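The data blocks that follow each hold one structure.
Both complexes shown next keep subunit A, but they swap its partner, so subunit B is in the first and subunit C is in the second.
For the complex of A and B:
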């Protein structure tokens, strides 16, 4: 069996409004292997949340495929219906950013965690109870609290509830959409450790969407950098952090605060603001803010090309590297 | 463990913990109840309404006269005060006998108390002939709350046919207070169903429903009520008229509610917890009934409570105009029909008493709605 779990191919999403079409996601392709964690980073509005939601079918993608490698062959997760949907829906789950908005305040914690089981399995009430208790214990929730309502819990505990809900169906892939960014730093660490432990135990695959670069660096095997709906760079975490190639990645990484005050960083300050995605710049979306932009950049969009095992979308990578 | 030891030692802390524990286990409705109870005016209103509805439910027992009974001897009699003392001596609740007098100037007849004759009030006693009724339409009985021994007690006076106004107000409450609630429930069903369709599916379904709503809403409400009510055959039984009026009221008022439901649906569709339920495989019907409707039902109930006064006034208006129920069936609107003459207001002002009840119930519903609105979202 190949080790590929998911192939995202040419995924695009256009939000249609009155008179304006916002291309939130254009032609994103990505291959995910079993058991790995892919970090997806970028500024807010770059399309990373849209990508995650399209993959889990929280929203409908405009075009493209999400090929899911199952024991019965490859299926397009975006097109399956009926019985097939019922069978594979549970394999791709999601952890939400906002632990307050993502739990129905009118249901007890037990009902929230057990809900996916009721839709996807035919377990008896007793079996459901046992399953919920088991998963609650694993994510560090006290069994005695299961009959409480979400308003009784803090942000970190609520996120544990959300994790328990997404785990209870034993999915293969979990999209973590800013799963820790709403939490305190100390709680962030706890949740990330929890996610890592669970990954080991269940051989989970994560799409870890975040704007917190240090977190992504810690948890990811590979990192994808997005800008205005396009992938600009994709590579192994250590390589990418050690030597960013795309000018945008460079600027992004230089913004990470260094805990050691003796390390001097050449901070690259980007000029201007993120362009309006409803009316993106021509050619390479990044060219108006790029220090290395040439005339070509404003005319043609650079393709995502492989350079030494890494994917970069830039016309002038060589130039940027030489300049250093 | 340490915590537990501490709580044992300090009872104050224990009670505090119990309190917060209750809060943690409280469902949305329990949280709403807590908030509602803090709204004094709303609580008082709820209490008043409870009493009104209780009186309406027990109407046949509380009212000394049935709807068909009248006494031609006592036409347009003023309210008879209930006394406790006769010439300084305590005799318990009683009324004096009534004698007719004529005004020496205008020759108008009126009733005066005959202080020679004492009619004690008897409680839980057999009523007059014709006062028979059935408990909840099942158990026949003629027991009434009170009655004057060999005399007449008219707490609110009588009308121009000699019918006891108090009895008619009490029995009228059965219609005037229940038609709006029944109409509202029907409106709720219609509004929820149609609004859900429009809000959940969107697209052309939404467009078609929106246009229908616009057409229905563009009819002026009162003339539409009047036209529909005028179509009710005069020979119909009061129970059937009641049903039809309920239908008419809800047919006119569902579009407003459907719109509210639709907009709530559209806004709640974007909530994270709805997407979470969808991702976990919830089918459309479960999504609507388990997550979406419960998330805004409290707001809808507030809207409905606030809409009931309009329906009370609607029913009263229709009956007042002679388009709703007709005598001898009674409602507050029917009773107010008699007050459409200046003469009545000048000489028989007690006939305006039903208006006080319309006023009080409308006010109480509004205040209660206010309290409910404050409590509707306990998570803020």
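For the complex of A and C:
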């Protein structure tokens, strides 16, 4: 068996509204290997959350395939139904951003964590109890508090509950949608380390969606940068952060404030804002804000092309590297 | 009750000539249901003319309550004591805590001399009035000579100043027609309308995307140069602090645990909490292989606190029998650098 876990192929999503169609995701392809973490970054409206939701089938993709490599061969996760769906859905789980909104306030923590087991397995009550206690201990929840309700827990503790819930079915892939963004700095570090420990122990694969670039850099093996529904750059974390090639990636990285007053970044301040995805600019979506834009950029969308191991979608990439 | 205070604030307070604001031994108790939350515990700081002071800390450390106490906009179940000495534009030094929150004197200062911009620009504006209407309101309230026409002129000028394109059209639009970054610019324009001496910025860029955040911070820096105001910058984001502030006060559980210049705090942090915070951040220029440093535990609730170091139960250097049992005095590391930690007394400066 090869080491590939998931192949996303030409995934697109169009939200249809009254008279307007918003193309939230256009033609995104990605191959994910077992045990790796793919970081997906971009600003509001870039489609990163839509991508995550399409992969877990929280929303239905308009077109494309999500090929899931199982022990019994490759299946298209977006097409399976019924018993097969029930069987494989538990392999792909999700951790949400807001630990205050993603837990049912009327269920005890024990019920929240055990619900997937009661729905998906035939374990006895005693077995369920043992499983919940084991996972609670692993994510750092006190067993004594399992009968309490979510309101009695702090943000970081709630996020641990969400992680326990997503882990209890022993999934292969976890989509983390801004999983640490709502947490305080000291708590954020606790949760990041927990996610890393769990990954090692269970050989988990993460799709780590976030706008926090320093966190993504820390946790990801490969990083995908998105802008207005398209992938603009994709590559190994170290390489991409050390030498970003797409002008948008460069601007994005330079905009991150560094926690050191002596680091003077040559900050690229982008003009304007992310355009409305309902009415994206022609050609390369980034061209109205791009310092290197040429006539061609406004007419034709650049393809995502490989340049020594890196995927970049830019007509002037060589040019922008030489200009520096 | 604060609300019954009369406006007989006494003059005769003294503050250093280069200071515009001095907060002395500020304590704020919040009465929630049946218990008493000691949200701010003996905070001292001062703000120089044209200085940017960062108040940094995590949720519940009292940074927002402190700043709102300066502006007198805490709800009525908050009780402040101590002194907040402020030099008004006319040169008088007032203790803001003695003023009636709803009185004429405070209302004349608030918005006009001390202004605030909030974290959520989306909720800071009323959805029912146009942006121009809401900005002109400030001018008409604070400047008796202003007319509707002159206020509109000034609003247009300010909108231009904060980089809003096409202000003639934008001035008559409603908040929902603005994006988040544009609303934050409009909020900054609103604050500028009265040319305040102190700007309190409460997490002004936390809700914005990074590229927009970079634009807004750049704008604030250039406006500060132009107008020369002092900024009290409240945030939990240490990256922003390093880029924006002259001095930094790190708060934990209602106390300032460390105070110093931005270089002292980031290059020579002394308090275990400050060190922990800095170490627990993933950094862009460090090896990815290393695990993040963790401060164990969570921030406790400041209810019924005995005299103690607020950080003792999470601190790996906690001295048994000392830190949990007594008020921690301030120690001076070098001029301008203050730490509230017993380790300083023990001379164990080189730990960690």
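Rule of thumb we're sticking to: the second predicted complex is superposed on the first by the 324 of 324 C-alpha atoms of A that agree within 3 Å, B and C clash if a C-alpha of one lies under 4 Å from a C-alpha of the other, contacts with A are read in each partner's own complex, and residues count from 1 in each chain.
In this section, a residue touches a chain if its C-beta (ideal position, glycine included) is under 8 Å from a C-beta of that chain, and two chains touch if they have at least 3 such contacts.
Note that the coordinates shown come from a computational prediction; the quantities given were computed from them, not determined experimentally.
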Clash or fit, subunit B versus subunit C on superposed subunit A: fit
Partner chain in contact with A:278 - subunit B first, subunit C second, else both or neither: neither
Residue contacts on subunit A - larger count, subunit B or subunit C: C
Which of subunit B and subunit C A:193 touches, first, second, both or neither: second
Partner chain in contact with A:151 - subunit B first, subunit C second, else both or neither: first
Subunit B versus subunit C as contact partner of A:102, first or second or both or neither: first
Subunit B versus subunit C as contact partner of A:130, first or second or both or neither: neither
First, second, both or neither for A:241, with subunit B first and subunit C second: second
Touched partner set for A:217, first subunit B, second subunit C, both or neither: second
Partner chain(s) touched by A:20 [first = subunit B, second = subunit C, both, neither]: neither
Shortest CA-CA distance between subunit B and subunit C [superposed frame, angstrom]: 9
Doubly contacted subunit A residues - partners subunit C and subunit B: none
Contact set on subunit A toward subunit C in their complex: 43-44, 154-157, 184-190, 192-193, 196, 211, 213-215, 217-219, 237-238, 241, 251-263, 267, 269-270, 273-274
Complex interface listing, subunit A residues touching subunit B: 53, 56-58, 86, 89-90, 93-94, 96-98, 101-106, 108, 115-116, 119-120, 145, 147-149, 151-152, 162, 165-166, 169
Residues on subunit B engaged by subunit A in the complex (per definition of touch): 23-28, 31, 271-273, 275-283, 286, 291, 294-295, 379
In the complex with subunit A, residue positions of subunit C that touch it: 58-59, 179-182, 209-215, 217-218, 236-243, 262-263, 266-267, 276-278, 280-285, 288, 291-296, 298-299
